[in-house]
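Presented below are the structures under discussion, each in the form of structure tokens.
Consider the two complexes below, in which chain A is the common component and chain B and chain C are the respective partners.
Here is the complex of A and B:
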């Protein structure tokens, strides 16, 4: 039972690191500010959630598990809120997205 | 093995910092700084579990809250021109 939890924790941490590196590369390769929000939000939610879930599966003391779940709760609420506020403010400041060149502008 | 995870998080933080230096608009920089703060929280949590210190996680919680409040205050400043709370009502 113990080895299964340990292994599941490692799978979660490796998947989280993979999503984090993917998002960090996407932060450099996407052409536009709004697409970069998408890449950074993936690292804010999926990478952080998977890594902390893996740490929770690996840690031994119950106090650490409670504190890690609190971190997970805070990150799961603050990350999307910050991304939403960022997109709203950028839209208000007239940062234009790159639209489809076929011309489907609104 | 947790050391590998923390070095990977450091690599992600370096890429985010590079975007914060390069970013063409101010919002790219804020986005990169927000991501940098989230990754700092993750790094502190990983180091806390690796060293077995439960009190590291408290620092991670406080850092997550401070990071969120900082980003929201910066964006409020851009949207309303002021950080004061009374300005939000009559907008």
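Here is the complex of A and C:
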């Protein structure tokens, strides 16, 4: 049982790291501001969330689980808010998103 | 990564990006300190360098301009480069040669580990009875140095106030951006989230302040966190509402009260018969005296830091926008 929890924790942490790397690559390679916001918020929510989830699975006492879940709670509050605020402010400043040229696709 | 961030900071022209890079540098340093087992320093560095500093620098940027003014020259004469390069190389080589004489990292025979440090580490629990040795060294053994730090922060605060001027009794002057969008109140999501987060941030600040003897924490971090909550409130609700909550006069008095609390604790020890900032005489029993002394001085530090940060931010945010003149109000 402990081994399974430990392994599940490692799987979560590795997945979180993978999402962090893809978020960083996306931040560089995406063409538009709005898509880059999406990549950055992937790092914020998925990467950090999965790593914390993995640590929770591997933790030794109930206090650690409670503290980690509080950190996750704060992160779940502030991460998407930051992304939303960035996007909304960009929209207000009239940064146009790159859309499909009209009439080219269905 | 620290080196690459520093290099990028030097070579970038866009000041907004430079501010972000400063924040990243501070965050990386905080992680670095955590790696060296110094959580107190890491907490302070993260809170101040990645939290308050970018906010204040962005405020400055909004008041001045966005790009640094000098353009890089297309051609530079190659002869002018050799002398500075030579001087820098010689200085750098001398410094690196001097580091060969320094003791190795974590060498037990190093002077930093030999004279006072073992005494502090061994005697701290017996004399002061708090688990966090960093707090005991900061507030009790080296309390005089910390008094100097509080004075530095206080001087920075009154320096900003002297340069930018006092806010004229807080009546109706709002920063142009706030006046434009009636603060950020119609960002509904931000409004709702902040309503939930501000009490939590304040609670956390109080926790860090008073629990600083048992866990990483202390006055500096707590003051910065406290100021952060108020800055968030100001950004959402506007400067008028913030003045209704805590007026600038209260802030100016708090700055002074914080410093006086610290210095006054020292004077109280003198009046009670000990040396300056000798907490042993503050109560019937030296251990209790140390506890009382440490709590009072950390409170003084926290109050002063919070008041300075808040008054600097209010001062930046309260610059008037004069439509006729183009100097103030950004671009």
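One rule holds for everything that comes next: the second predicted complex is superposed on the first by the 101 of 106 C-alpha atoms of A that agree within 3 Å, B and C clash if a C-alpha of one lies under 4 Å from a C-alpha of the other, contacts with A are read in each partner's own complex, and residues count from 1 in each chain.
One rule holds for everything that comes next: a contact is a pair of C-beta atoms (placed from the backbone, for glycine too) under 8 Å apart; a residue touches a chain by one contact, two chains touch by 3 or more.
Keep in mind that this is a model prediction, so the values were computed, not measured.
*Asks:* Have a look at where A:84 lands relative to chain B and chain C in the superposition and call it first, second, both or neither.
*Replies:* second
*Asks:* Which partner does A:12 reach: the first (chain B), the second (chain C), both, or neither?
*Replies:* The answer is neither, since A:12 touches no partner chain.
*Asks:* Using the touch definition from the top, say if A:75 reaches chain B (first), chain C (second), both or neither.
*Replies:* After superposition on chain A, A:75 lies in contact with chain B alone.
*Asks:* Just checking: does A:57 make contact with chain B only, chain C only, both, or neither of them? Give me first, second, both or neither.
*Replies:* In the superposed model, A:57 contacts neither chain B nor chain C.
*Asks:* Report the partner of chain A that touches more of its residues: chain B or chain C.
*Replies:* The partner that reaches more residues of chain A in the superposed model: B.
*Asks:* Contacts for A:46 in the overlay, against chain B (first) and chain C (second): which applies, first, second, both or neither?
*Replies:* neither
*Asks:* Determine, under the contact definition given at the top, whether A:95 touches first (chain B), second (chain C), both, or neither.
*Replies:* A:95 sits against chain B, while chain C stays out of touch.
*Asks:* For chain A, which residues lie in the overlap of the chain B contacts and the chain C contacts?
*Replies:* In chain A, residues 74, 78, 81, 85, 88 are touched by chain B and also by chain C.
*Asks:* Spell out the part of chain C that touches chain A in their complex, as residue ranges.
*Replies:* Counting only chain C, the residues touching chain A are 187, 189-190, 193, 196-197, 200.
*Asks:* List the residues on chain B that touch chain A in their complex, please.
*Replies:* 1-2, 5, 8-9, 11-12, 15-16, 18-19, 25, 27-28, 30-32, 34-35, 38-39, 41-42, 45-46, 48-49, 54, 57-58, 60-61, 64-65, 67-68, 71-72, 75, 78-79
*Asks:* Can you name the residues of chain A that touch chain B in the complex?
*Replies:* Those residues of chain A that touch chain B are 10, 13, 17, 20-21, 23-25, 27-28, 33, 36-37, 40, 43-44, 47-48, 51-52, 55, 58-59, 61, 63-64, 67-68, 70-71, 74-75, 78-79, 81-82, 85-86, 88-90, 92-93, 95.
*Asks:* Okay, in this complex, where on chain A does chain C touch?
*Replies:* 74, 77-78, 81, 84-85, 88
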